[in-house]
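Same chain, two partners: chain A is paired with chain B first, then with chain C.
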Partner chain A sequence: MIKINKTKLQDAGAKYVFIVCACMSIIAVFGIIGYILYASIPAFRDIGVFNFLFGTLWNHGLEDSDKWDITQIYGILPMFVNSIIVTVMSVAIGGTIAVFTACFMVFWCPDKFHLRYAGKNKMIAKIVSWINQINLRAFFDQIIKLLAGIPSVIYGYFGLSVIVPILSSLNNGNTGLGILACSLVLAVMILPTVASLSKNALESVPQHYMEGALALGNTKAQAAFNVVLPAARSGVISALILGIGRAVGETMAVNMVSGGRALFPEGLFSYIRTLTTNIVMEMSEAGVGSTLESALFATGFVLLVLVLIINLSINLVPKEFKGKRGNKVLKGDAGAKIVFRKKGIVPEVLKYVAVACGAFIAFTLLYLIAFVLVSGIPHITWNFLFGESTLMSPTLLPSFISTGYTILIALAIALPFGVGAAIYLSEYSKPGSKVVSVIRTFIDTLAGIPSIIFGLFGYLLFATLLGGRCTLAGAFTMVLVILPTIIRSTEESLRAVPMSLREASYGLGAGKFRTIFKIVLPNAFAGIATATVLSIGRIVGESAALVYSAGMLRTTVPNALNPMNMAPTLTVFLYMCWAEPVAANPVTGAAEIGLNQAYATAVVLLVITFLLNLIVFFIEKSVKKKR
Partner chain B sequence: MKKLVKMLALALCLGVGTFALASCADPASQADSNDITVAIARPTSSGTRGAFDELVVNSEGEALEEVAQFASCVQELGETGNVITAVTGDKKALGYISLGSVAGNDGIKAIQVNGVDPTVANIKSGEYELSRPFNLVYQGDILQTNELAADFVKFIESTQGQEIVNSEWIGQVDDAEEYVANSYTGSTTSLTLWGSTSVNPLMSQLVSKYQELNSNKTFNFTVGGGGSGEGETEAQKGNGAIGMISRECKVDGLNVYKLADDGIAIIVNSACPLTNVTIDQLYDLYANGTFIAVPGGDEESAS
Partner chain C sequence: MFSFRKKDTQTDKDVRSDRKKQNKQAGGNGLDLFDFSGDVAISVRDVDLYYGNFQALKKISMDIPKHQITAMIGPSGCGKSTLLKTLNRMNDLVEGCRVEGEIRIGDKNIYARDMDLSALRKNVGMVFQKPNPFPMSVYDNICYAPRTFGIHAKAALDEIVERSLRQAAMWDELKDRLNKSALGLSGGQQQRLCIARALAVQPEIILMDEPTSALDPISTGKIEELCLSLRDSVTIVIVTHNMQQAARIADKTAFFLLGEMVEYGDTEQIFSAPKDKRCEDYITGRFG
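Right after this comes the complex of A and B.
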């Protein structure tokens, strides 16, 4: 008797614990919205909502002037317009390339290289056979994943060192910064998101669509572009919307190539300031309680609302796979259409566009990696990596320490909550119930919030609670950032555990709680491990959320060892190399911190990103083998 | 379904068109001239910007600070370092930074203003017009009661401290005495100095030297920040931090210690032949977008 009661109690108690975990993301979303709204109320009150949203002048310097009223000098309309324009341009460029790349990966990517070597040199023959063994599809998958994992600040440096000079030469040697540079950098950044999601959408179209179209005499290109792509449109549109959300919220990379003016753009090389960069540029100068600070939080609030609208609009895209428009060849005057289709040249051309886009992505990534390596490796020295760090000559050692702290603390909190939420979603909730769809919406919402907003929230809540910015506040902020990743990835792997295992466990008399912990979780270990690695990648690559919660400064090892002190993580240090460069000065003992050191840091980050991707790759491979 | 393909094609055309447009020459651009066509400012909330806008007054008595919106050739960059990087990379750019931040940067040079070199002597004599104070702000009497802060100020006012201050800034102490090495005996070892990026180079040097002189102790100095506003904020919090600001203090209830006077240097790329600008030229560049003609290049200038 007692035993049964204990099990029942355990099961009932566990359920509530898991529900609480699942509700964390709801609390987080409301907390973020509430806190940022609360901080922006003074601005809305003093400036006026209308003046703030539709004012065209942003000039804090006029606050002391007699001629200007406070209601006139904080207007965000130009920045709002700039954000929209940059987003549209980047999605038009990056989204198109990404969708075509997805088509290339699904329809035309060859499985393997088919190189032939007739000579007798054994070495070359070996290398050729080795190259022929590479699985090209998997290779492309990895390229997209690696592109997605590269910290955004590295894209900023890439834009600054590669894209801006090219644009400058196109602009007759005048400046290359501005709206076009921002759009191009963003286009590269949203490529992986849109490409991988579009690829998933294309792959989920039933095989018979393709087969049917081919059987009716279409060429492969016609079938792909006229039948399968339209059938996958809801998935592709969702992918583009996610890309839009990412582009609107991106901060650091844009800040590096924008030029920073709150003006309406006049041309492709107009200096611009977006909603996100407005926060980064002015936040550090704003005094606590000042109208400026509140106006910046209000900027963040407007950005948050914009992103929420964009991300929630995904729900308007019909989710069900609808095939009724499947193949028009079946309808009406079929014969004529088939002839027409066979002659149709557009899809044939698009095929080459798709191949070109695939090649472009591969080229971009390889060029980016090569560029970073070539620029960075000569400047990597033992002393720069692990030497003693001082105010005058900082090294990466404190950053390694604080990055490690952030990862450990954030994971220690986020993993239990995330896994608990995933357990609730997959084991306890009824599939398709309202509660689940609400929780899921909130998890997706949390995942879509720009990292600069997390930074503002961490600054408002954690940094205030802990008496100032510090590594610990940064780690707490990162918990919210990585929570959705952990929940999603874990839930997926829990669902992949066969029902029969659970049934067998129940059949042997185990309670639900016991079944979950002894049977389900161990079987889903690979998924949880993947989630952990992905989260580490996210933490390592994060900058905007950490600058305001964990701080950006030069520090020493003893300082960094205490998580209650400020210390930059690796990516924040990378950003610092641009924001606060210092020239070498033998008189004062200052060591050079600039582009060279930035690329050296970028090499370290690339290596970490690469290793993390490799780990995920091997985990996934081992899971596939088991099945 | 055809529509979607068409739309995608259209989007691609748009993308290509953007590139094509980009390659078209801007009619107002000047191909091979050396003229200064890019002016770099700081955000309106920056201390350096505030001081610069106040000091740049044209011959008609109009100050830059009264100009609501600068010309479109003006960039705004977040921090001192961004300005240096931008000018290093652009032969046509002109910017302004703290004089103390110029040293050691090979890619940039500080030029004359109204024919006067930006040197410590000229700032002291008042001939160089662009200068502003570096202040430390603090709550209550931290600077006297906090053992470490008090001893650190004693060091700043010593000969060793003033030697650093006077290297590129203007010290405020005339009769400095020597600071005795290892003379700090207090128990406090940590101090936060936070705020302006312009004050940061000076403060980092002072702190390094201080630690060197008191090598028998391990200190925990936190020196950093992103702007003067942060300095005031940090000081206001009342957790013992000292704010560094590169302008006059705008917050009531904070005490001010004047650390030094600093020149604002006008910088251009070291490959740029420009050696002198007038204040009027600066005003016209920032306010009206009048490019500064550089000898050696085409003399024409556009507005």
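Right after this comes the complex of A and C.
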């Protein structure tokens, strides 16, 4: 008797624990919105909402001037406009390439290369046969995943060192920084998101649409572009919207190639400042409690609202075609001349565009990797990696330590909450329940919030609570960043556990709690492992969320060992190489030292990213084998 | 020194490379390369078909008469669908599928290297087991194929839509909902719409693979009626598991077993006096 009661109690108690976990995302979203709004209030009050939103001048340096009033010098309209322009341009370029790449991957990517080599050179023959063995489809999947995993700061460097010089030569040798550079860098950055989601959408179109079109005499290209792509419309549009959200919120890479002037753009090479970069550029100058600081939080609030609107608009995309408006009345002509002709050169051309886009993405990634490796490897030394770190010659050792701390602490908190939330969603919720759809909306919302906003929130809450920016505050901030990934990936794998296993367990008299922990969770292990690795990747690559919560300060190893101190993670260190290059070496020149260190650090980050991707690849492979 | 070799079975490339040649041959549009003046619409000669190492069709030979309904029956897995798909080369999509022998349609060997797949499939339409209207309006579904074959004039499209729907006996049902999504129609309506969609490009032959197996008896009846009414203008080849259906509508019936064609003849004869014992067993239901 007593035993049964205990089980019941356990089951009932567990349920509430899981519900609390699931509500974390809701609390987080409201917390973030609330805190940032609260911190913006002084600005809105002192400057005036209208002046703030529609003012065209931003120059806090005029605050002390007699001629200017505080209400005139904090206008974010130029930044708002710049954000919109950059986003539109990057999505137009990157989104198009991404959708075509998705088409390429789904319709035309061959399984393997079919190169033939007729010559006698054994080396070349070997290389050719080796190339022919590559599974191209898997290769492209990995390319997209790698592109998605590369830290945004590395894209910033890629923009600075590759894209900007090219643009500069197009601009008659003048600077290549500015609005076009931002758009191109962003275009590359949103590629993987849009491409992989569009690919999913295309793959979920039933095969019989393709067959139907082919049976009507279509070529594959006609069927692909006239039937399958339109059928995947809602998924592709959602992918593009997520790309827009991503582009609006991206901070660090844009900051590095933007030029940074808070003015309306005049041409493709105008220096600009966007909403996100406005925050990064001036935060370090803002005194605690100053109008500037509040105005920057208010900028963040505007950004947050913009992103929320964009991401929520995904729900407005109609899921399936419902027909057109009105009634069609035919005005046919019985004598109309009907001559069927061979037509349709357009889809055939688009097919080659798709192939070209696929090749372009592969080329971009390989080039980026090669570029980073070539620039960075010569500067990797044992001392730079693991030597004693001083302010004048910092090494990566403190960053390894703080990255490790951040990963451990963030996972230690986020994993239990995330897995708990996933358990609630998959094991306790009824299908189609309102509560679940609300929770899910909040999880998606949390996932869509830009890193810089997390950074502001972490600064406001955790850094304040802990008495200043520090590694621990950064780790707490990262908990919120990785929570959605963990929940989603875990929930997916929980749902993949066959119902029959649960029934078998219940059939043996086990309670729900026992079933979940002894049967369901162990079977979902791979999914949780994937979630963990993805989260590590996210933490390693993060910069914007950390600079204001964990701080940006070069430090020594003993300092880094205490998580209550500031110490940059690897990516933040990489960012600092650009933002605050080590000064004052009159012989070699300061900035160059920064750049060399930067590429050495980027190599380390790329290797980590690559390894993490490899781990996910093997986990997923082993799961596939089991099924 | 390097060369690309494409082992692609779907031959878009062939299609295009030979398009010009055919345009000349056929005096313009490249689509009317078939000559359907004879009595035989499809002539199958010694066809063997392999999926990898597995032989799914063994030495099939049959003549399918023009403007008649020919039914293919036989137990599951005997190769009916496979044979049907070889007739408009939909099996080109199947990896590792290989066809030997000759199939002549409208006096052209459709497995010739220079066969134009678009032209073939325009003339040999297909209706699938599961209705597969596109997620578009009724109107756009029917206009889909005409549009890809270069017809964009509104008057012409309207004309085609009305003609196709009337031919498919759906005009009265659908004329007021041409702008509605085709996915909102009932299963039976969707299947007839698919037939209308195939009719829009005026094919000579329509292949149907168990077109009624997913439908209720009333919808089934309508489709059977439709087949009978189309007989004057198109040749229909229909695969069915429903023997009454074959008996009701087919002029000719072929019985298949394990990849072989066991018996082929007039439907009346097949059902009343089958020559082959295995065929008799199947028809009388004594067969697994």
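Note that in this section the second predicted complex is superposed on the first by the 578 of 627 C-alpha atoms of A that agree within 3 Å, B and C clash if a C-alpha of one lies under 4 Å from a C-alpha of the other, contacts with A are read in each partner's own complex, and residues count from 1 in each chain.
Definition applied: a residue touches a chain if its C-beta (ideal position, glycine included) is under 8 Å from a C-beta of that chain, and two chains touch if they have at least 3 such contacts.
Predicted model only: the values in this text are computed from it and were never measured.
> Check whether A:444 is in contact with chain B, with chain C, with both or with neither, and answer first, second, both or neither.
neither
> Of chain B and chain C, which one touches more residues of chain A?
B
> After superposition on the shared chain, which partner residues are touched by A:95: those of chain B (first), chain C (second), both, or neither?
So A:95 only meets chain B here.
> Could you look at A:542 and tell me whether it touches chain B, chain C, both or neither (first, second, both, neither)?
Neither: A:542 stays clear of chain B and chain C.
> Pick one for A:230: touches chain B only (first), chain C only (second), both, or neither.
both
> With the two complexes superposed on chain A, say which partner A:114 touches: chain B (first), chain C (second), both, or neither.
After superposition on chain A, A:114 lies in contact with chain C alone.
> Looking at A:348 after the superposition, I want to know if it touches chain B, chain C, both of them or none. Which is it: first, second, both, neither?
In the superposition, A:348 contacts chain C only.
> Considering only touches as defined above, state whether A:290 meets chain B (first), chain C (second), both or neither.
It touches chain B, and chain C stays clear.
> In the overlaid three-chain picture, which partner chain does A:218 touch, first (chain B) or second (chain C), both, or neither?
second
> Which chain A residues contact chain B in one complex and chain C in the other?
226-227, 230-231, 325, 328
> Under the stated contact criterion, what part of chain B meets chain A in this complex?
Residues of chain B touching chain A: 1-2, 4-5, 8-9, 11-12, 14-15, 18, 21-23, 25-26, 29-32, 37-38, 43-47, 49-50, 53, 65-66, 68-70, 72, 74-82, 84-85, 90, 92-93, 103-106, 164, 167, 197, 200-201, 204-205, 207-208, 218, 220-230, 232-234, 236-237, 239, 250-251.
> Spell out the residues on chain A that touch chain B in their complex, using ranges where they run on.
The touching residues are 57-62, 64-65, 67-68, 73, 89, 92-93, 95-97, 99-100, 167, 170-175, 177, 180, 183, 225-227, 229-231, 233, 255, 259-263, 266-271, 273, 280-288, 290, 292, 325, 328, 346-347, 350, 353, 390-392, 467-468, 551-556, 558-559, 565-566, 578-585, 587-590, 594-595.
> Can you name the residues of chain C that touch chain A in the complex?
Of all residues in chain C, those touching chain A are 1-8, 10, 12, 15-16, 19, 23, 28-31, 88, 90, 93, 117-122, 125-126, 128, 130, 132-137, 139, 144-146, 148-151, 153-162, 175-181, 183-184, 194, 197-198, 201-202.
> Along chain A, where are the residues that touch chain C in the complex?
110, 114-119, 128, 206, 208-209, 211-222, 226-227, 230-231, 320-328, 330-334, 336-344, 348
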